[in-house]
């Protein structure tokens, strides 16, 4: 028996560990370091209809136990991803979750329709929460009604289950979660980054060329855990949790909060082997906790 | 000339450095360590109408570069503060900012009226953003209309200028800021803590007895800077900035973002001498930046 | 007076599995007033881990300006502390709190000192001071198992010492109460430090006796300003709560509601 | 192949004001393929500072399995790195990126190596490899002032070396271009590493010559996955952007839009 397997809509995961979107490109670079088939799944970089060059540099800045980024959804565009990136990933026995972004509903729908037809794409992750593009993105993620309509529109065309990625930059994240559930979402992924800023003390200017950026890394974990906990109580669809995971204990915390699987973002930059390391450490951790199968941990905090 | 002096409504500050509310009690403990007259001002612990015993323990938990707290506004109550705490502080040449909390408007009004009449209280800080009490507190801080009405009610009775302390747990903090400005606020203090949670990995239970707690410390600084930047563009009243300040460079960052003075919270626990240390280091930092008076830094980022 | 001192590590050695003894030198030592006081240690200059760690003072050498702490390296902070080497500097705030009252036991009287796990260290300096003034000390020291027992010989030098392990791998099998039952209550004072359930059991068994208990709580400031470390008091006590860091960590039996 | 290696610090010494030379040993050294490659260093095991720091490899001793880096301790991360002591382990990811092509200059030809500040270190290994194969190297090394000049003697051993300081406290007063103007353009290849304005000036002055420039950008992953470190390319180049970490840090002159 595989003690780490998790079944989610569209996704039969060997284990609940996957790299988060934007922190793993389309897998090639990490594929040079280890066998990608080890992973539960891979969330690929946001794909937009047209190729995007992204924001000016600097695009990243360090913060205490975290980082800001404003990459600006740089990606080769739908066609490039379909032609070059996804086929390369087919050599691995790993489900792909395609992160879909856009500036208006029609973009999302078009990308979702096409990319969900790729053979190794087993689920979509609707990015309604990117704080780093001027229009679209985050506005879809802060208004429940708009979020719901977008979810509906994408669900109507997608050939695979649709997960919606929530923004933490809201007063009540459960309202958005319930809205996308009502819109037909099969699952939720959360959290995207918190909007933050750093100024150069010498010049007073923002360090990131874009001005603001998205905060990620261990610093945000307490916010992510709180939100996963709240949302998992509010909806009946599964959650893939993320935000600050950097070691095996963090995975236990997210599952206990109510996530069914987790994604690791920023920590890949700190330790490029973090995903396989956690996967390797998990069975011993289950032993330590006296738990047989990882699914027993899911939502533990609610039962207490 | 005092290169560090800052004049704000009700407050003639020798320097822009003050301990944040709840992180300095009513001054006695730090008063054993250094001369409190060195400080720009002191924000005392939240005062409520009746004495409060606060939440069960554990009340604090560590997070990456931050901490969660759910003290639950433990305080001796208005009468205790008027009788014992404020008179003791009169021996120091330092303006007191009284943090006022409550569960309904009438509480706030009553406390504000009485405490603003104390001789050394030079301003009020209206705490509409405490995440750790069940009712009141944070709801006042998430709805612009309610925040405005409360501000008005308190302004009507206060004998000193009123600063309103904003919650960062909102979709659009500028909306709240504009509302309290419209309600007559003389200034804004920000940010209070972000709502967060930590689970014990062994038991799955929240580490903090209250479940959730307020996240503070260096981890939250990028969020605080972004919000100070946004709010300082949106309103015309001054801001006392806080959230993660732990060293002199952070003060420069907050002033550059648009704050006119700053408060230091969690860092007092890390280094109990942090406020006097920063005050001592500031002049050399101004020299390094080629700046004559600290006020030249305020809102620098907007001018670039 | 409480001071912040960059103390020098002059010794660091493992005394049991995951348990370390660290000797520190600095002027803070001159400020210590009673056994059972603690220090608040910043284990690294970075902001992660952020908070200080409260650790009891296990023994003091005022003349040399040195003190010893004994700690279990378990979580993030204490593990980093265990990696400090001789010559490193550590940022220490202290001495904090009110320790055990040595003068509550007179010369010639007997005191029972009951410690559990990492509650054992402060009892060592306490026992040194009590025996020095002619008090007869009986030590009951509880641990999980043999591999985490420390300072057995050091305590034996000072007086009768009973080691208890939960799994029976060393000394008596059971809990400190297993030994306490046999010792009877022919003593003047008891002093205890350890986990809450142990303190509870000790206080219950010694109901009516004069005793002093040292408590633990998660802390923020460590000096009484943040209200993180409060304990509720029993009915009949004047205050509704006490702060472990500044009112304690040691309280007379019966004060704190356990 | 890129590996993550816990390398041992076998030497740490200050070579100029705030500038340190650190020698590291580990199997990563065996993977280095060209001068100008860099490593990505985690300066501490804690999560603050969080990100790795990109630092060029300054010299390699493959037989001993050792490499040297030279870095300026300025910000949080590099300051912590400068506090590491002999015997400590440092988490190093590398070797990363594509270095300077040694084979672009033939035996007997002359190469000019122009470095600025912390851009000087990778030129040292480059010069060693070029001179070893019989290339005549001329070094133009620019610094802010005398107190931050390092490795002057080391470069002199390899070939003609011109030191330039902005304030004139050592060598020629001015910028690297001040010396370059005098040297003329009777050389086969130029190699340069330093701040953007310097690279710009060098490329402009040597327009039409064969040259290779090493760039800096703030990085996330360091291996090409996060798109943090992109540079726009000049028109006419095939890609719209390049990644400094994995496509560079060294690019032929004319590729990157400066």
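Order as written gives the chain letters A, B, C and D; numbering starts at 1 within each chain.
Heads up, the rule we're going with is that a residue touches a chain if its C-beta (ideal position, glycine included) is under 8 Å from a C-beta of that chain, and two chains touch if they have at least 3 such contacts.
No experiment lies behind these values; they were computed from the predicted model shown.
In this structure, the chain pairs A-D and B-D differ in their number of contacting C-beta pairs, and the larger number is found at A-D. Each chain's centre was taken as the mean of its CA atoms, and the one lying most distant from chain B is D. Averaged C-alpha coordinates give centres for chain A and chain B that are 34 Å from one another.
Remark: chain B and chain C have CA centroids separated by 36 Å (rounded to whole angstrom). One inter-chain figure worth recording: chain B and chain D are separated by 46 Å, centre to centre, where each centre is the mean of the chain's CA atoms. Touching two or more other chains at once are residues 63-66, 217-218, 246 of chain B. In chain D, the residues touching two or more other chains are 47-49. The touch graph of the protein chains shown is complete.
Residue ranges of chain B in contact with chain C, taken from their complex: 22-25, 28-30, 32-33, 45, 53-54, 57-67, 69, 71, 74, 217-218, 246, 266, 268-273.
Note for the complex: chain D touches chain C at residues 44, 46-49, 80.
Chain B makes touch with chain A in their complex at residues 63-66, 68, 142, 169-171, 194-199, 201-206, 212-213, 215, 217-223, 225-226, 229, 244, 246, 249, 252-253, 256-257, 289, 297, 300-301, 304.
Residues of chain C touching chain A in their complex: 47-48.
Residues of chain A that touch chain C in their complex: 64-65, 218.
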